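Each in structure tokens, the structures are laid out below.
One chain, subunit A, links the two complexes that follow: it is found with subunit B in the first and with subunit C in the second.
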Partner chain A sequence: MMSPALFLLALITLVPFFSIIWMSFNDVSLMGGLSMTFSGLDNWQRVFTDPDIRASWLISLVYFLSTVGLEMLIGTVMALLVYSLRRGSNIVISLLLIPMFIAPVIVGLLGRFMLDPSHGLYAWILNETGLFDGNILGSVGSAMAAVILMDVWEWTPLVALIVLAGLTSVPEDTLEAAEMDGANYRQKLLYIILPSISNILLVALLIRAMDAIRFFAIIFITTNGGPADSTKIIPIRLYDIAFRFFDLGYAAAVGITMLVFSILVANAFTKLLKRRESAS
Partner chain B sequence: MTPAKRWLPFTLKIALLTLLLLWTLVPILWMVLSSFKPNSIITANTPRLLFTPTLEHYATLFSGGNSLWPYLTNSLLIAGTSTLIAVVLGCMAGFGLSRIRIKGKQHLAFWIISTRMAPIAAVIVPLYLLFRYLYLLDTHIGLIVAYLSFNLPFAIWLMTAFFDDLPPDLEEAAMIDGATKFQAFRLVVLPLMTPGLVTTAILCFIFAWNDYAFAQTFSGPGTQTIPIAAAQLLTQTGIDWGKLLAIGTIVVCPMAIAGLLVKRWLVKGLTLGAVK
Partner chain C sequence: MATLQLNNIVKDFAGTQVIKGVDLEVKDREFVVFVGPSGCGKSTLLRMIAGLESVSSGDILIDGQRMNEVGPAERGLAMVFQSYALYPHMTVEDNMGFSLRLAGVDKEQRRQKVLEAARILQLENLLERKPKALSGGQRQRVAIGRAIVRNPSIFLFDEPLSNLDAALRVQMRIELARLHEELDATMIYVTHDQIEAMTMADKIVVLQGGIVEQVGSPMELYHHPRNRFVAGFIGSPKMNFIDVEVRDARGEGILVRLPGGGESRIPVDGSGCQAGDIATLGIRPEHLILDDNGPLTGEIVVIERLGGVTSLYVQCFGEEWILVTDGEVSHRVRDSVRFGFAPTRAHLFAEDGLALPHLERHPLVSVERKENRAAIS
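== the complex of A and B ==
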């Protein structure tokens, strides 16, 4: 029963996998028909010496730490708040979940609409309150903050949903016992709630880490890496190399370095699952 | 606990929740609301809440030369087909994987999960070359294959997790009563799998429907999907916001409703079965 699916999966994943490896050792040209010339380690040497690539990895790191960090923090707070509701928690979480069903392109569209310097609602509020008057997506700094917040807006609900699922497994009698012994909320949070959802938090972290490097459509549609390359995370750089400069061999080498990252995440994820399986 | 002590955190709690709800919902509500405003009000310098609603943006979207219909049919066809293939094959493989005891099963699992996690930008590069070589650029099949590259491993993995929750005793009992393995699967196991199948199908459909990067790279005039229609309008000079917001509303609303329909199983689905 497994063979049709596994055969198809092998076909559509292994063929591209070996292609990308082969491409990374070639100079791939699309001019006048497809042609490949073996170029040894040229592309690989560029990957490790190109200052643009290094800059993009650095921006990616900032983007990754800010988005995932904020999502974990706000998501956990969101979940704790919803969990503590006596009633209405179902409708509240449903409303809070909506952003994560929205196509990243539309999230980018919304960002541009809300931040448009001449008629965006958020731009208007920031302007009226004197907090920021300028082109948010057109200035270095503020553009980065904006694309980070758009990602946070879309994916915080996912973290909240996962953490909320974890909170239902917090032992209630332990909480009650602690309360009777006079523990305050901070103590309950630090010594009972957080330790018992640490595994779930790890799952949320890994899921977000995986998607943070998978998607790039929000930046693609809002700043496309600008202004002055300040939001050019590595997937955007790769897309430029491949489809603006048509340097597909080099793009393949950059792609493989990204793959290494996602394989590490996948490895951590399967290890975590195995550990939980043997624990139960 | 004294009333004063309870009162303060309660207000704080409600205030924080209200803030989070506003942060989450304002952009969406503003988009849907503005899609019914005439363009002159959308682009006015000060935001307006009161206006005479109009359906003109939706009307122009579905009429005239460059209507949204072809984009919509492409999206439905491509996302629908890739979902159907992923769910059918994923269900079969998931059942097999869940029941089988073989050596090296975790290597198989690792392979499946890492294909699901592969960065889209990295997958695009070799697929572009292969599609060009095989004349699959600007074809429906090309995009269906591209979406299967993440939906198939997702469906296999998630269905395995759903089957893992179902004790094998049930189908074993049916087989003792004389059912064949296939009958046991079809008549006993499959009906119990409805939530798993529906959740997997809805999530696969949302992933494919929402994709932009693959469609941007592999589609051509005959195969463009709705996100491409939005992106095209967005890159023009003199953006037609009314039309764009109407497209946004059309892209978002059905997926939000579909997603919330399977809310009970969302955690399991979106954590790839790691959380029940």
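== the complex of A and C ==
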């Protein structure tokens, strides 16, 4: 009974998967139709020696740590604030969630518009307050900061939503017991609330981490990896290799390293979660 | 040493009064039980004493000091919650020592105090475990241990046994009573279970609709309920109530006409009554006696045999009466029975629901709870 479904699944997942592995050992050309020339480990050697790839991984790491770190931090604080509201929390949540429902491409376009040096609102405010003068998306440090903040703007609400769900599951009387034991808000947060929601925090972190590794749209729309490759995270680099230089065999190898990295990260998280569950 | 005084305590939740002016005095080392049906405000009152709920008006005094604006931790109380409210990620030892850790007590001293409490509650072997790995009874003991470690002036218990199974509940009841003797502390205990109230309390506070209906010793509540509500609430099965006509209220007691035409003189103060008044006669099921010469007669509709005792539900002149009798009675459903009662065991309530006072106090009313417990510790 299951076989037609399994066959379909194999067709749409396994075939491309194995083709991409095969491609990574070939020199792939699209000129005059698809042709592959076996090249052994050439592509793989390049993956581990190419200084551009190394630079992109480093940028990715900075990007990954900054976005996920900021999102977790701001999202948790946001959730705690919403949780402490006595009334109107539903309206606040609805408003907070708006960024999440906007397509990343639109967020990128919006960012580009707001940061435009000639008519962007944010660019004007930064200029007027003397904080930054110049082309935000066109300068090395500020471009990275801008794309990080755009991602944070879009995805912090998701973290806040997940953490909020965790917070509502902390029993009220456990908090009251801590209050009777003499805990102030900070101590309740540190000793009761955060340890109680640590698993939920890990899940939020996992979701955001997985997303951040393959992140593409906002940077593609705003800086396209520039200026001077300063925002060229690994997916953008991959796009360039595959669809600007049409070096598809090499792109396949880079793509597989990204996949392996994602799997390793996800594995580490699930192991951590399992260990915590069996410990508690 | 700790006394508690509540002066005209009111709690208002968005315009709805749930506690409507409660006055109460709890003496040092007293075991006081708040009892009442769901929604009577007993838990709210306890939470107000704990400081977890604000007081709309009135004063809470602990050892004579006004505590209305004092935070829960500074009141010197400890509370045991219905759900135990243990910290799930901490070990038993950390759970019990949490308050001391917050207070900055050093590790060695903390451990000493936790061990001392663990010894009292026989938890020594469980100190390294997390709450998840404990049974319901053990969790309850840890929650109590957490309270003991704080060395509070007053212990507050919010329905602590209601999540335990029946056998464990009986065991914990005895343990709590033992603990009260051992710690010699003031305890306030909330329950909806009148057996817990009757067996543990020095003093029971019966609440209904945010009002104190009666405060008294268990035997006082049982033998001298102040009104119809208390009479019906204390005792199981519930007291039988039947409307009767007053025939004569002059002289010793009140002569009432029973259903079926019989008469009985109930030894209560009849100064406010006169012939022709309608009163409510209340007789506990265990005080009705099967008697071939009894003044009441009826047909058995249901029999509940519990082994030691048997409850008979008897239809008598349009009213259902419950009789608790000997476990050996051989009656069957639809049998006709005659029954009666000793007038001294009957209660009479005026039309406003207030009990007419008995002419003589029951001898057991003055027996203190401690006298029932010589063998426990």
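Definition applied: the second predicted complex is superposed on the first by the 256 of 280 C-alpha atoms of A that agree within 3 Å, B and C clash if a C-alpha of one lies under 4 Å from a C-alpha of the other, contacts with A are read in each partner's own complex, and residues count from 1 in each chain.
Here is the rule we go by: a residue touches a chain if its C-beta (ideal position, glycine included) is under 8 Å from a C-beta of that chain, and two chains touch if they have at least 3 such contacts.
Because the structure is predicted, anything quoted here is derived from the model rather than measured.
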Between subunit B and subunit C, more extensive residue contact with subunit A: B
Which superposed partner A:I192 touches (first subunit B, second subunit C, both, neither): second
Subunit B versus subunit C as contact partner of A:D173, first or second or both or neither: second
Touched partner set for A:L61, first subunit B, second subunit C, both or neither: neither
Subunit B versus subunit C as contact partner of A:V77, first or second or both or neither: first
First, second, both or neither for A:I91, with subunit B first and subunit C second: neither
Footprint overlap on subunit A, where subunit B in one structure and subunit C in the other make contact: none
Complex contact set, residues of subunit A against subunit B: 1-2, 4-6, 8-9, 12-13, 15-17, 19-20, 23, 28, 30, 34, 74, 77-78, 81-82, 84-85, 92, 94-106, 108-110, 112-114, 118-119, 121, 124, 153, 157-158, 161-162, 164-166, 185, 200, 203-204, 207, 210, 213-217, 220-221, 234-236, 238-239, 242-243, 248, 251-252, 255-256, 258-259, 261-263, 265-267, 269-270, 272-274, 276
Subunit C contact footprint on subunit A (complex, rising order): 171, 173-174, 176-183, 187, 191-192, 195-196, 198, 280
Interface residues, subunit C side, partner subunit A - complex: 50-52, 71-73, 77-79, 81-83, 85-89, 98-99, 102-103, 130, 132, 146, 150
Interfacial residue positions of subunit B with respect to subunit A in the complex: 9, 13, 16-17, 20-21, 23-28, 30-31, 34, 42-47, 89-90, 92-93, 95-97, 100, 106, 108-110, 112-115, 117-130, 132-133, 145, 148-149, 152-153, 156, 206, 209-213, 216-217, 227, 230-231, 234, 241, 244-245, 248, 251-252, 255-256, 258-260, 263, 266-267, 270-272, 274-276
